[in-house]
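For reference, chains read A, B, C and D in written order, and residue numbers begin at 1 within each chain.
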Amino acid sequence: MKNNASAEQIQEVILVVKDMGYDATPIPGGQRTAIGIIGNDGGVSKARLTGMDGVLELIPVTQPYKQVSREWQQEDSIVLLDNGTQIGSSDLVLMAGPCSVENKGQILDIAHTVRDAGATVLRGGAFKPRSSPYSFQGLGLEGLEFLARAREETGLAIVTEALDPDGVDLVAEYADIIQIGARNMQNYPLLRRAGRAKKPVLLKRGLSATIDELLLSAEYLLAEGNSDVILCERGIRSFDTHTRNLFDLAAIPVVKSLSHLPIIADPSHGTGVRSKVTVMGRAAVAAGADGLIVEVHPDPPNAMSDGAQSLYPEQFTDFVGEVKEIAGAIGRNFTYSLLETTSTS
Amino acid sequence: MKNNASAEQIQEVILVVKDMGYDATPIPGGQRTAIGIIGNDGGVSKARLTGMDGVLELIPVTQPYKQVSREWQQEDSIVLLDNGTQIGSSDLVLMAGPCSVENKGQILDIAHTVRDAGATVLRGGAFKPRSSPYSFQGLGLEGLEFLARAREETGLAIVTEALDPDGVDLVAEYADIIQIGARNMQNYPLLRRAGRAKKPVLLKRGLSATIDELLLSAEYLLAEGNSDVILCERGIRSFDTHTRNLFDLAAIPVVKSLSHLPIIADPSHGTGVRSKVTVMGRAAVAAGADGLIVEVHPDPPNAMSDGAQSLYPEQFTDFVGEVKEIAGAIGRNFTYSLLETTSTS
Amino acid sequence: MKNNASAEQIQEVILVVKDMGYDATPIPGGQRTAIGIIGNDGGVSKARLTGMDGVLELIPVTQPYKQVSREWQQEDSIVLLDNGTQIGSSDLVLMAGPCSVENKGQILDIAHTVRDAGATVLRGGAFKPRSSPYSFQGLGLEGLEFLARAREETGLAIVTEALDPDGVDLVAEYADIIQIGARNMQNYPLLRRAGRAKKPVLLKRGLSATIDELLLSAEYLLAEGNSDVILCERGIRSFDTHTRNLFDLAAIPVVKSLSHLPIIADPSHGTGVRSKVTVMGRAAVAAGADGLIVEVHPDPPNAMSDGAQSLYPEQFTDFVGEVKEIAGAIGRNFTYSLLETTSTS
Amino acid sequence: MKNNASAEQIQEVILVVKDMGYDATPIPGGQRTAIGIIGNDGGVSKARLTGMDGVLELIPVTQPYKQVSREWQQEDSIVLLDNGTQIGSSDLVLMAGPCSVENKGQILDIAHTVRDAGATVLRGGAFKPRSSPYSFQGLGLEGLEFLARAREETGLAIVTEALDPDGVDLVAEYADIIQIGARNMQNYPLLRRAGRAKKPVLLKRGLSATIDELLLSAEYLLAEGNSDVILCERGIRSFDTHTRNLFDLAAIPVVKSLSHLPIIADPSHGTGVRSKVTVMGRAAVAAGADGLIVEVHPDPPNAMSDGAQSLYPEQFTDFVGEVKEIAGAIGRNFTYSLLETTSTS
């Protein structure tokens, strides 16, 4: 309440709060009286109270997300893929591949490369969201088929993006993880459909989404029954032009304190510049990321999208070596690889 | 090129540019040599050149949008609605109504109010994008029917939001203008569908979209054949918490210089605070907005959404009076109103 | 408190709050217990409480500024200058002139121009803060003398910037208003010295300052005894490159609701582009600014600084006409001008 | 130039460029003609050209900083302190201590703690810039004397902040490194004085400074003759409230590619939350920081400033152990410590 609020105004607010179905406790202070609203679940409509006489400000105390919160579930969630990859465990997980699936040869080639280097998940876009309507928009269904073929050949799990509700069902048929991209983080029909799909979902943080908004979007997935959710920090919009986005690595420990969900990092979009991808990938692991998703292309200068931020195959192999060192330094395993699994079988 | 780039490196870049199908002109300077890439249409892939030896930076000169640009069309576009409203003309257009359609009585009531005050378009959400899955999500089809009824009764045109491609077709059946919300500004399947609908589209600027990105999203609509596009500034994300968003009024004259499309402003979302809506609505008109879209509710404290930023009916009526004064001061007409039209017929 | 905080933890926090000299009131809710800290003045150290077991978050309710607040003083402050200009009254005040004082002829010439057009305060930098050490840094003392001469000739009041504490004393000798620039908004030794000067101070908002930080910096001035403070919105940093800064006009009504101090707007720095200055200056007046400060130069293309955002003299004259119209539309006087004062005497 | 610029307009621009003392080369393209401005050093005034008929945009190619750039000096700069600490070498340097010097016992106590843990530089503010005039502003000269005493006892070098030009001289007498804080990054009289001091300078990035602006502020120091400059990333302003600032770790590799100057990171201010400091400190080392500056306090809950982000002494000791692991993982030495130096002497 304002410091000059009258006793009548305070009483009036208390009556309204009770009328809204909550309890109200006045807390008189030296300068002003605060009124606690009790028994709510974070969804109190600000509207009715904000405009009342004598009211200075409405301050929320309870967060509106539930199932994604650490208070709801103490222990870390682990998302298990069919090929044995565990995201959110002590293992560090590598997802890698081209921005877009361009043709069969390209995706099979790069799949072998990233698998041999230590990745267990293959990324590659079949449906591409592009700022310009005149840019390459992806191969569509054919791209999904190439990805499925790459899985057959290499044992890699597949992560690829769905752009609309119908696309979710299609992607779910072919992929191991359905990606919801940054531009669609608050596309709720898409989230609802992905929440009803029987596949894990990789949810990327929106370009200027707060961490609370990211968690609320994840809540859409859990509310529909899908708890296999992996979050992803991929950079947010800022004012400096030396990098494509501002890679917010502190979001990783913040999410880990608020939520039980695993979170990975995307240094390719996070920086947008090839020469910065590897160093920031290492930093992301040091910040506690459960995995990395990295763009690798057999021939970056001729990539149909995102070539400037794609690693060369040999760069990726070196990068995995560096990441292993960091993982070791923070006591994180990097023992799992499809190669080793295969060789023992 | 870097200042120590060798002649061979420069020659190599020129060869690559030519191989990409463009002409290349070296421009030797005192400190370094620049290379002009000629004959492109703004879509030069950065990838192939960025990583080459001796290359310092790639600087785009041509914008990637076309049909939305002033260079494509010099004169202002005017979007004409069935009830005679012209958006982008010298008339200032008012769109008003509740955040959400809540029930038939509410929307009919407010429709009469805003029409009598001078609005010619009724806003009201039937499908609501909400940060939390547990918030009210709108009445859906029933809401559209209530809106259609309000049009019958009042002559107001209807603007309401579509959230997914199928929703576009449904909304197009009932509404005069299909709204694409800020969260969906880069939802390309939605934009494509709206681009094929035979109805005008109101495209709201994304929460941290650049003006170029807004224009590129509009380009999706024009590229599909729909040139009846109205842009909308509704505030962008920032760091100050006194307002819900940062209302970027300078975007209005910037858009007007770059594009022929009309642009309106939404002071309700732009500020998020009822007491700031009217003053910032006036400022938007002074900044050259072709219209305003304002939330008005018969009983804001009990609104199911956005009550804190909704005007009371009588506030809206006063507000229209103030806006008329500003419109007059900048030589803008405010003569058109449905009331007058009716009374002369 | 966290929702699983124990009774002991709650009791422990209460003891610590009391040990800090405040009262503590537990407010048990359905999900968690909140603890009100009573009798503080907004300066509670977060440190001691934040790290305690069971504590989830510390939420400030009281603002840390005092003398600048509306709660401290209800009625608007008016800053009166020697030449009769009243800033914060119903009069709209125009301050205009070049970015930098370049030579005597230039400043005398422009002074006559802006006075004849209706300005009552002349701006012009003698000490210039420049991003690059190699840029023109101002004429210094000689510039102040030229400004004083312009005042003698025209009756205009003078506003010019001080960059360091010693400069404050020097500027105070020559100018009517001491400007603290955006880069120095949190330069506290400078603020303290300006707070002890016997001249009004124009305090510009920092490049990414919150409104609360702006008010706290103003509090430094009032705390030293200087209550003749004028605030200035001049644009904040953002991500779009079409304008130099993001002109945050909503800051004007927000400041007016929180503080009794007058606030003016600077559309020249707020946009950075000549063609946007006039339209956004009009918008600022519609948003409730108590005045405008505008860069005008006799020959903008050859200005030594900020030429791209400086108006031509004839543009400024036209602009004043437009501003008068807007002022009239919102019931604001624009009757005062030095010309009229002179002509009646 | 605009795509419809006439041959006369192009010719006119060329004449003006030549009149400004540069060469001009027209580069005719398919859609429009660009004009290269040759022989300039990055300081071309935009003003004269921006407003000319037919001119669309002015695009700078050359950066305005010189001596700080990698093009000016290829090899890394190393700043050597009297106690043997080398900043910018392969050694990782730790600076640690309280936010403020509070009394002699506190600073001597913490000095021994951080030295024993492996730090070689002691931080501690004697002059504190505070948002509120009513907050503790530091012990001043007495604080400097306590710091000098701590150096005598422990061999640690001292870094402490100067707030105004006179303060620079005072701090230079007592400290080994003069700190310029984030709020003063563009306080040019302060930078000039620090540039003339005979002591190394730690320059912190401003709250919303671009990397180019940081480098330009460093250029002020080098331009005055002081090349012992250490940059510091300490977080920038953003919209999420879970951390105090947005810790921009990618700035580290970006600075390293643009400049030869060393750069350290401040995870205490970068996050503002004790529980995030250690993990983000590790991430900063992985990102290539040449050192860390960390707040440590004997009793954080009772610290007079920044207690919420200060580590407990034992936390700092553990933290150094973790940092050593990361340093090792990226091939960086952490062999140097005052303890070892002493024990061999």
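What we mean here is this: contacts are C-beta pairs under 8 Å (C-beta built on N, C-alpha and C of every residue); 3 or more make two chains touch, one makes a residue touch a chain.
Bear in mind that the values here come from a model prediction, so they are computed numbers and not experimental data.
When the interfaces A-D and A-C are ranked by how many C-beta pairs touch across them, A-D comes first.
The centroid of the Cα atoms in chain A and the matching centroid in chain D are 31 Å apart. Distance from the chain A centre to the chain C centre is 40 Å, each centre being the mean of its Cα atoms.
Chain D has residues 208, 236-239, 241 in contact with two or more other chains. Chain contacts here are complete: no pair of chains fails to touch.
On chain D, the positions that touch chain B within their shared complex are 2-4, 25, 27-32, 34, 36, 38-41, 57, 59, 61-62, 71, 237-239, 241.
Of all residues in chain C, only 208, 210-212, 236, 238-243, 246-254, 257-258, 270-271, 275-276, 279-280, 282-288, 322, 325-326, 328-330 touch chain B in the complex they form. Partner chain B is touched in their complex by these residues of chain A: 16, 43, 45-52, 64-66, 129-135, 137, 163-167, 183-184, 186-190, 206-208, 213, 216-217, 219-220, 223-224, 236-237, 274, 300-304, 306-308, 310.
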